[in-house]
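Per-chain residue numbering starts at 1, and chain names A, B, C, D, E, F, G, H, I, J, K and L are given in the order in which the chains are listed.
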Amino acid sequence: MTLTIYCLNGPNLNLLGTREPAIYGKGTLEDLKALSEQAAAGVKAQLVFRQSNQEGDLVDWVQEARTKASAVVINAGGYTHTSVALHDALKVLTIPVVEVHLSNPGIREEFRHKSLVSPAASGLIAGFGAYGYRLAIEAAAQLAEQRSN
Amino acid sequence: MTLTIYCLNGPNLNLLGTREPAIYGKGTLEDLKALSEQAAAGVKAQLVFRQSNQEGDLVDWVQEARTKASAVVINAGGYTHTSVALHDALKVLTIPVVEVHLSNPGIREEFRHKSLVSPAASGLIAGFGAYGYRLAIEAAAQLAEQRSN
Amino acid sequence: MTLTIYCLNGPNLNLLGTREPAIYGKGTLEDLKALSEQAAAGVKAQLVFRQSNQEGDLVDWVQEARTKASAVVINAGGYTHTSVALHDALKVLTIPVVEVHLSNPGIREEFRHKSLVSPAASGLIAGFGAYGYRLAIEAAAQLAEQRSN
Amino acid sequence: MTLTIYCLNGPNLNLLGTREPAIYGKGTLEDLKALSEQAAAGVKAQLVFRQSNQEGDLVDWVQEARTKASAVVINAGGYTHTSVALHDALKVLTIPVVEVHLSNPGIREEFRHKSLVSPAASGLIAGFGAYGYRLAIEAAAQLAEQRSN
Amino acid sequence: MTLTIYCLNGPNLNLLGTREPAIYGKGTLEDLKALSEQAAAGVKAQLVFRQSNQEGDLVDWVQEARTKASAVVINAGGYTHTSVALHDALKVLTIPVVEVHLSNPGIREEFRHKSLVSPAASGLIAGFGAYGYRLAIEAAAQLAEQRSN
Amino acid sequence: MTLTIYCLNGPNLNLLGTREPAIYGKGTLEDLKALSEQAAAGVKAQLVFRQSNQEGDLVDWVQEARTKASAVVINAGGYTHTSVALHDALKVLTIPVVEVHLSNPGIREEFRHKSLVSPAASGLIAGFGAYGYRLAIEAAAQLAEQRSN
Amino acid sequence: MTLTIYCLNGPNLNLLGTREPAIYGKGTLEDLKALSEQAAAGVKAQLVFRQSNQEGDLVDWVQEARTKASAVVINAGGYTHTSVALHDALKVLTIPVVEVHLSNPGIREEFRHKSLVSPAASGLIAGFGAYGYRLAIEAAAQLAEQRSN
Amino acid sequence: MTLTIYCLNGPNLNLLGTREPAIYGKGTLEDLKALSEQAAAGVKAQLVFRQSNQEGDLVDWVQEARTKASAVVINAGGYTHTSVALHDALKVLTIPVVEVHLSNPGIREEFRHKSLVSPAASGLIAGFGAYGYRLAIEAAAQLAEQRSN
Amino acid sequence: MTLTIYCLNGPNLNLLGTREPAIYGKGTLEDLKALSEQAAAGVKAQLVFRQSNQEGDLVDWVQEARTKASAVVINAGGYTHTSVALHDALKVLTIPVVEVHLSNPGIREEFRHKSLVSPAASGLIAGFGAYGYRLAIEAAAQLAEQRSN
Amino acid sequence: MTLTIYCLNGPNLNLLGTREPAIYGKGTLEDLKALSEQAAAGVKAQLVFRQSNQEGDLVDWVQEARTKASAVVINAGGYTHTSVALHDALKVLTIPVVEVHLSNPGIREEFRHKSLVSPAASGLIAGFGAYGYRLAIEAAAQLAEQRSN
Amino acid sequence: MTLTIYCLNGPNLNLLGTREPAIYGKGTLEDLKALSEQAAAGVKAQLVFRQSNQEGDLVDWVQEARTKASAVVINAGGYTHTSVALHDALKVLTIPVVEVHLSNPGIREEFRHKSLVSPAASGLIAGFGAYGYRLAIEAAAQLAEQRSN
Amino acid sequence: MTLTIYCLNGPNLNLLGTREPAIYGKGTLEDLKALSEQAAAGVKAQLVFRQSNQEGDLVDWVQEARTKASAVVINAGGYTHTSVALHDALKVLTIPVVEVHLSNPGIREEFRHKSLVSPAASGLIAGFGAYGYRLAIEAAAQLAEQRSN
């Protein structure tokens, strides 16, 4: 059976390439999507790649993934640290969830240290820039396959 | 005059029955709505029952209730603990507000201990599962009637 | 079988009507008892209504309720926030416990924010004044009946 | 070249005049808009004046301002204190940002003390009520002109 | 009219003279009572002098003082720092309350720094040993007389 | 000279065998008393074994022990963490005090971490269940004998 | 009636132009005074402009302003964060007080986050450099005029 | 030998009668001085009564008192809570020091809770308004006489 | 079967008799070993008694005990409070672990209050000096025997 | 040029397969080494795989890696959270450092939340069990190759 | 060129020899000055040695040193821990600043732990009593000479 | 008698010259040793200069110094902030201990602010780079000589 991986991106990730390039790199969201699709293809998975600045959209998509996806890769951006709603939505899932961040939030501002996504995630990849998405998609596929066996 | 009670539900309550049944019970949001309408009928009140995953929708509905409702029963889900915006919206109301929770947030994770809804609510009912909605609606009706006398 | 509900009241509740009426209302403890008995009658339950200023009395009564009552409604007053002994006594009970407060302690002084009763209670009703006792007794009866089925 | 100033307003500011007049004054959002347009005219700037209860709308508008505005005046309301997403969006801007508040959040409830807007703003004006918008628009125009020289 | 002053003493004050004489002096509770009666006589007041190790007794006596005394002088001993119940009882009083301590709790162990008696007291006298009781009784008489004028 | 050991037990220990057997074991207070008397006999000491739910009773008994006992073994239950009065009473003693707990409070809920008994005790034995009473009585006897030499 | 505005400056502001120009700009205190006088002239107010490194001087001048000034603009420098004495002096004033800072203290070192001036000020302007003085003087004049009507 | 008592007053006490009369009473500093001199006369002591807004003046006067006074009564106003320098100066004294406050700082704003004067004082009198000065002077005289015996 | 008890001692315990005798007693590590061996003989157990200043040695010995010992008695000295590695090693054991301290760390410096050994230990004995080792070894033997039955 | 990757493992990782298999899986350190060598071979890198319970060994090996390795993959176990020494050693490296954990420390005990390795690492992979080592080695190789170009 | 070293001393240092000799030694400020001049002579520097109890004086002298001195040695006494004003003044200097304390503040009362002088100083010497001044002056001279080369 | 000074260096100091030269300077550990020997020669003392990355080695050497050295100069590197074991070892010494740091830890990362070495040291020298070792050795010699007189 073909895997379907939801790759969900939170607020301001549509500004990639523009926003603090020293931290986030020069690639755009389009580049990130292309790289992610390539990685998905490499593990023979279908990719659903989305971005929104709305907290509620992310909650909706996570709820949708519950019945439609084999795994979720999520970079919740600023909502990572404040959204109890997103935390609750992710908690409902029984499929693997991989949390990914371009930089390592644990070594940035104090208000980025607590993740409400982590307690609902299978694993965490942080600090590798765009390359971390490839690792995350491979890991998500690997976990999803284990589970389906 | 017939009372109108707004019963507003926050993020992930549309997943009731699916999400951690040990905590939230097996009933769905539909069941909760039916039970609430029954309780409203019992106190001869009209019920407006809504759910959204959007923080802004809840703020909008609370603002709408200001002129259209006799009382508000609100389970703000994850926004209970983070939404200053919702707090500010509720503060404007002069009608009774009853805060309700299926479980008792005060004895769950640390990040659920502080409620920004409470300082703007008349009273609080927590930990009784779906049955708490019936208590909340009765209490809301009671308070609204007192006020209209 | 007839239900027996213990309604236990902690320190200073004997001063109701005298103490800060803006917060606690004008009714006396006698009024509260009458109202509670009416509510108990409404759910066909027998009511044992007591008040004491002594922490140990409350512990004793909770222990007594273990074998004699179907449910406990408790307003521990100032001991709510300091009594580990009361917490431990309530923890032993297997019958329903409903915590009730006239005002909502969560929005008053800092030293009233932590409840040692809550982790041992089925549910919490706060902020509705004397009317909250009626809700609490109905809820206690409801929970006790469920359990006996 | 004509300046364009985005004046963005967060949740509940549409209730001005209704909400706690002792704190926020009696003027409505319409009055505030009129006053702001007058101030903008006084510095020969065009004004884009918007309000939303949605966190995501504010993020979107800030992103839009990046290419369309000369400066941003922002009163993020309740999101000031919780929105990492808004913080991240503002950080991307290279045009001046002026943070404005009707009251001084630093002397209100504890949860209003930390501003996530401030670290991304050029300056802060707080506590002057509606009159503060005039100061903010003048300051924004002044900073934008300096930068264009 | 003759004044009646209740001088209430909390736990372990019956051990005066025995307990850490370096801190509390060599006088016994009897000596303290004699000294207090002498001071009361000096201001032509009747003295009711009591001691108990029971938190509830102190609550009871404070409630009794509400109708029988002109003023209360209270050294709540260890309950000063832990008794919300005593705090609540004192809050009901409309007669003057003078808090007295033999030593200055504010410069002893951390757990003696917070007083729940202070927010319900007219004034505080601490650190003067037995002599502080004389000052407290004089102050209580003075305040009671002012009020009766 | 025969040793006299006071073994004092605080609130809820009368419920042993009933209360959370996984933590406290299946033995009752009677069993604990029997075991303790056996241990006392083994070290040729007389045992005074008491339990009360009243904080003041414990304070009274500790004061009584000052002149009548050779050593005190104390399990203050919930008062361990809240009673400044008990702390003060124990501080007066010049005979050995052994603090004992069935479980290790330091690894249970946060509110059980601070002991007000410890700073007034010679030593601490925790986590060994009923067997810890035997160790405590032997230790108390040993310390009392050293002192009397 | 002509307005008189006291513009009071605290420690180290006499070093402007020398001290961390990246933060405070290159202008000197003389420049700041000239700019302030120009702004005062623009609103037809008289300006009293002073600077001192002594906490007591600022307290004295604030007390003097009570009877001689229509408004106070104050940049208390390092005393902003530590001076309870200055806080108390400002609290006595019934004329408008505008707090001004060259940079935004809220985003600098931790010890600059708390302002003891704010709770005694009508409004706050921070982060605009010398230009903020012009805004502050205009605001002070505006508030003073409102009050005199 | 005649006693000499230094009565030292800190910042803003020169504004008594003007500043927040609800808290501090209507009497002026002159009234307070008169009352204090009367009290000093009553105990046959000479009074040196001074006030300053300068932290350093208080330090100087405390140092002067070391050789010239029999006791110090000090109301350090706002410096009570911030002045390590004053704390150190008082620590050097071997004569009695009585700390006095018109109101009880322990129940006002958080930043008034910690006293740096207390650890260097014999005793504390707070909350009795101007009358507290009389108590303080009598206590100071009493302590000084004890010491000289 | 003969029991084997590992008695492991952490840093600086080799200095016993030299280091702060007021706290640790005059006996040396040799004395402690002799006393421990005597206690072990009393319960017919073999004793392996070791001391090291190296954190890693303690981790190694705990791992070794996993297959070679019937129980572990451990005084981890300074590593008690800082070693997550030791905590993790102890967690793996399925044999009884008894934590022992010569003094009671809970009443010494703040940095000795948290024990990382406790959450991995069956019980705790503290404050009895060298005599505590005898109690610990007896307890360890008792627990090991229970388990082997 | 062939890459050399140091894979360094801290305390208790030699117990893999034995220690809390629910968290760490059933594989042993040997299995982990085999899996890691396979992953290294897949990216044509040489692997140096070591484990020690000694903090100093890890510091030594990190220093050695400075001149001998192309990248470091490190799972510092319990030292992750306490070792400033290891933090300082890693800071000196100019080659890529990948932090890896079998479980996600951020959602376990409080004392595992702070990582002193993270601020010195290029990226972080956590929560994927043994599979995370494969990801880490691939990431390390990728980063090392980028750098050498 | 001859070096000029400013040696500035804060509040209460004029009481040396009198104040807590156990901590500060028996030498007077005169002795300290003589010792300092000797040390200055030893490094062929001119010494300006001053003391004041006034915070503002220290700020003034630090500002004066900016143009007249080659280095500053400063013991700010109680102002070390509270003076943001002094911190700001020192920050402006480009000459070396050596912070000196007779005792080590880091191991005294909590309120002496934070130094606002340190972040503006080249180095710190503490705990050596008067001898520390000699070290400080030598260090200041050494740093000043390096800079002038 | 010739003095013997132990100069003990903790983890990563063997990397001097390589590690963050902006902070630690360009000199190597060899240079530091040479400089230290020169300083020792200047005060006619013998120097034992050692470095280790192992916490236990430092504990061993401090214990060795107890009988073999006249004074200890110690830079414990990262162990300064975490080693209770080292703290305990130093506490046993009766010879002078001088704590030295190349930079001033008090103004670096939060986790370097607390020193466990300071409470066991005679004095502290920090922030002077390698030159601080010369000051430390001179101070150690001076203190040792005083003690031997």
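In this text, contacts are C-beta pairs under 8 Å (C-beta built on N, C-alpha and C of every residue); 3 or more make two chains touch, one makes a residue touch a chain.
Treat the numbers as computed from the prediction; the structure is a model and nothing was measured.
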Steps in the shortest chain-to-chain touch route ending at subunit I and beginning at subunit G: 3
Pair in I-L, G-K or B-C that repeats A-J, with over half of contact pairs matching by residue number: B-C
Distance from subunit E to subunit D - Cα centre to Cα centre, in angstrom: 55
Mean-CA-position distance for subunit J and subunit I (Å): 32
Shared interface positions of subunit A, touching two or more other chains: 54-56, 82
Every chain pair meeting the contact rule: A-B, A-D, A-J, B-C, B-D, C-E, C-F, D-G, E-F, E-H, F-I, G-H, G-K, H-K, I-J, I-L, J-L, K-L
Subunit F to subunit C touching residues, read off their complex: 10-12, 14-15, 18-20, 52-57, 77-82, 111-112
Residues of subunit G that touch subunit D when the two form their complex: 104, 106-107, 115, 118-119, 121-128, 131-132, 135, 138-139, 142-143
Sites on subunit G touched by subunit H in the complex: 54-56, 59-60, 63, 66, 82-89, 91-92, 116
